[in-house]
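To start, I am sharing the structure in question, which I have written as structure tokens.
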Amino acid sequence: MKKLINDPGAVVDESVEGFGLAHADLVTVNPDPKYILRKDAPVAGKVALVSGGGSGHEPLHGGFVGMGMLDAAVPGAVFTSPTPDQILAATLAANSGAGVVHIVKNYTGDVLNFETAAELAQAEDVEVRTVLVNDDVAVLDSLYTAGRRGVGGTVLVEKIAGAAAERGDDLDAVAAMGGRVNQNVRTMGVALAACTVPHAGKPSFELEENEIEIGIGIHGEPGRHRIPMENADGITDRLLDPVVSDLGLASGENVLLFVNGMGGTPQSELYIVYRRAARVLAEKGVTVARSLVGNYITSLEMQGCSITVLRLDDEMTRLWDAPVRTPALRWGV
Amino acid sequence: MTVGLDIKWALRWIALSAEAMAEHRVELIELDRPIGDSDHGENMDRGFKAVTEKIAEVLPEKPGPALKLAAMTLISKVGGAAGPLYGTAFLRAAAALGDEPEIDAAALVTALQAARDGIVARGKAEPGDKTMVDAWTPAVDAAAAAAGDGDVRKVLDAAAEAAEHGAVATEPMIARKGRASYLGERSAGHRDPGAQSSAYILRAAAEAAK
Amino acid sequence: MKKLINDPGAVVDESVEGFGLAHADLVTVNPDPKYILRKDAPVAGKVALVSGGGSGHEPLHGGFVGMGMLDAAVPGAVFTSPTPDQILAATLAANSGAGVVHIVKNYTGDVLNFETAAELAQAEDVEVRTVLVNDDVAVLDSLYTAGRRGVGGTVLVEKIAGAAAERGDDLDAVAAMGGRVNQNVRTMGVALAACTVPHAGKPSFELEENEIEIGIGIHGEPGRHRIPMENADGITDRLLDPVVSDLGLASGENVLLFVNGMGGTPQSELYIVYRRAARVLAEKGVTVARSLVGNYITSLEMQGCSITVLRLDDEMTRLWDAPVRTPALRWGV
Amino acid sequence: MTVGLDIKWALRWIALSAEAMAEHRVELIELDRPIGDSDHGENMDRGFKAVTEKIAEVLPEKPGPALKLAAMTLISKVGGAAGPLYGTAFLRAAAALGDEPEIDAAALVTALQAARDGIVARGKAEPGDKTMVDAWTPAVDAAAAAAGDGDVRKVLDAAAEAAEHGAVATEPMIARKGRASYLGERSAGHRDPGAQSSAYILRAAAEAAK
């Protein structure tokens, strides 16, 4: 394992500290319990958005703290959801009195820890709503399982619900908007090579030179199945098809197409995937009205990508376009 | 009739659990690798190290408060799925024990049941879902069955042994809860890390009574 | 070699095509001769900035085309400088009549091809000035060698000279501002693992599990020397020291600190490096007034980073802060 | 006295150069790997493929125009350092040959000298800097020395052989120009890829005359 780190146990502490130093104009970092807070939080009268999860997915979530997106982000250990006291502290710090929306990726750990924190916050008279993100079509959705994971769609939920909060929507409306994005977004990912969790010291799975893993999540966990290496167009089709059919996309609809790098894949390759996905959607009569390409929700240095499609309506489009000023996503201001 | 379990047992249980987590840290990470995200051993070790520190700081004087302190520390230090699940287990056990200075076999069985029920309440897993429930459920059943002659050591031994078998028995299972469930059928053939850590913790409870 | 590509020979074509599709609001792509043009170019009365070089450094340069930065970018084959006819076509397309500044990284190939293009453009009555970027302190500077390479500093030259052009500076003033940035910027890089050029199919060098390469450039070429792996703080010091001493930084000065990922390193690690560099600079009494952290000038999927320090004056700081609207760098608009 | 070189030779030269670049593509990439950026073989192969197409399209009728077409195509298709350098070399050689239909030994030497001088003028490298100049300079010297009895084939054979030796001789050199110079002393022990491609191209010229 070769990493630019000092001590596997200090990766999150040191990285978040550096993040705070680099973006002191936008955020403040509370070291213990650890959370990242929007510089001017609490923003009077505004519903606050708090998200979080295991570290190792940067820029998610800390990179999305700022005007128009999150009010606070709560980083856990690498790939380990944060604890209730961290989430509670962030929730209290972000709350202006208008209530707090928790954006939670659907993993048992995240769900349980955010659930506890929400109970504790409510006991302190802070109103909390939870938006559960579960956009990963690689996972079978069923009442009897842990259900679909929250992956790429999380970025879009945070941006669009964040814009709704920024324009002054109330607590229920912001939560509803987050839910609406989640209902209209689907994702599927592929790994060409695994990542190595610092404290584990070994790749989280082994792939042969000629194998890829289809349907991976964002925690270095293996995917749904392993297939022989294919070219970029073939892989793109394998990811896009289930996304499109699960969304039930019809000709004439507008979408946002998001090609996300898992951390170790060059941008040039993401654009090759984007090219194919955009073409296939165009052939289906679907209009790609907005796009996002880059490393936004990663698995450390994993090689691979995910494709996310969000069905857009006019309101979501306006909220997507609304100004945002965070370390990782910035426009309009 | 044997004596009941007191604060010494509770403190030893926690200390031996912490030792077991440190000793098996890498093994539990390795179990979590093929069907999870390679952090279970790290999480448990971090959590029990924190519990050990907290116990040394607070010096609780009865089993119930000791387990409650462990629970609160696990909840605030572990994160992931295991943190809230173990936290709830210890919290419910502590509540069942209340402020009693000594625990007899019946109370012990009740506490173990409460712990298991806490895990199920939080995690909604059923036996056979390939989770720590598959260690706790046979452990609780065996404990209840062994409680007849009122020997707490027999109860704990039975629980530990059943948990160990339960952990092994998760190997062929197809996971339906937790991270391993994302793998579907590919989760078969691997032991569940949380069931294994549960077996270690219940074995620590039995050793602590010796 | 596992890459999200279709055909090693088509990587640049397909990737640039995808880039054009994803950012059609900001740029247009001319497929042959290949260049990327700011959507509203030529911008009446404005001096145009044209840069380019081998592909594989994305987002450089195409990602920096847009308001406040480049008017055109010219991508060559992977790690191969573009040809004069491409550069000429981009120069003519970008020119509004106010002249064109070529921003050229100091590599023999780039220099020669841009030189030829500049002559050809001048023959068509387009005034061209060239800013040569050579900020890499890993390379000994001497009249008798190829001289220092242009690396991380290029991004800062393009941003600040781009802002000067956008505010209406004339041709000589824009070129002079580019030169001023270049004179005040230094960079040094490290590789933890090499990259693989698609048509070569093999890593450009081999590092043992316990080795790193200090003083690498951005073309997968080996560096100055190979040393045993160190921790992040140690590596940061090795990169930062020569940068600081070559710049002759003194206590009380202001700088921009830029920690750049080479493409395959997680953001969390870049912030660990940033943390150390910021601390060391603070100890020296140097104020980090601005920062940039991320993958901005890469070597495909190389693992590693570079540290760039720019000595700032008030004017450069204002130009850095000026609005920019490109696919990869965006603020203030 | 042997006959001079005509358009057939020029076209064969170009064709054999293209063949050599295709054949040695991987080898030239491999030479460029340790001390460069792994693209020289790719660049040269891409360039000469384009030259071959252009020649087939335009069908030049005299050596000078044929080499000029090659030059322009290399400049516009190769990029990197090699594109402008080889482009200039062929351009200067073409200029030296002018519109003559046939080239004698003296004209040939002049053209080779012009090519070499073009490379030096563009790249500012001196002999010993570990570049293609280290193939071209001995080649030009050997060609001049062999021109005495007016046999163009002898001239070309001498040039090719000297270039081959020159390429080998770059191995111990420490690069002072081009990408390899960034390596400083670590550049020693590797053959310069541009010197090697120059040797192949000059060998092609000699073969074309047979």
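Note that the chains are named A, B, C and D in the order they appear, and that numbering of residues resets to 1 at the start of each chain.
Just so it is clear, a contact is a pair of C-beta atoms (placed from the backbone, for glycine too) under 8 Å apart; a residue touches a chain by one contact, two chains touch by 3 or more.
Remember, it's a predicted structure, so these values are computed and weren't measured experimentally.
Think of each touching pair as a link: the shortest run of links from chain A to chain D has 2 of them. Chains that count as touching both chain B and chain C, per the definition above, are A.
A straight line joining the Cα centres of chain A and chain C is 29 Å long. As a whole-number value, the distance joining the C-alpha centres of chain A and chain B reads 32 Å.
In terms of their C-alpha centroids, the spacing between chain B and chain D amounts to 76 Å. Shared contact sites, meaning residues of chain C that touch two or more other chains, are absent.
Annotation for chain D: no residues touch two or more other chains. If the chains shown are joined wherever they touch, the resulting network is a simple chain of contacts running from one end to the other without closing.
All chain pairs that touch, listed by label, are A-B, A-C, C-D. Those residues of chain B that touch chain A in the shared complex are 29, 33-39, 42-43, 46, 75-85, 122-123, 176-179, 181-184, 186.
Partner chain A is touched in their complex by these residues of chain C: 2-7, 11-12, 14-19, 21-23, 55-56, 58-59, 63, 192-193, 209, 212, 229, 231-233, 235, 257, 259, 263-276, 278, 288, 291, 293, 295, 298, 300-301, 303-305, 325, 330-333.
Of all the residues in chain A, the ones that touch chain B in their complex are 54, 76-85, 107-109, 112-113, 115-116, 138-140, 144-146, 149, 197, 199-200, 202, 204-205, 217, 219-222, 224-225.
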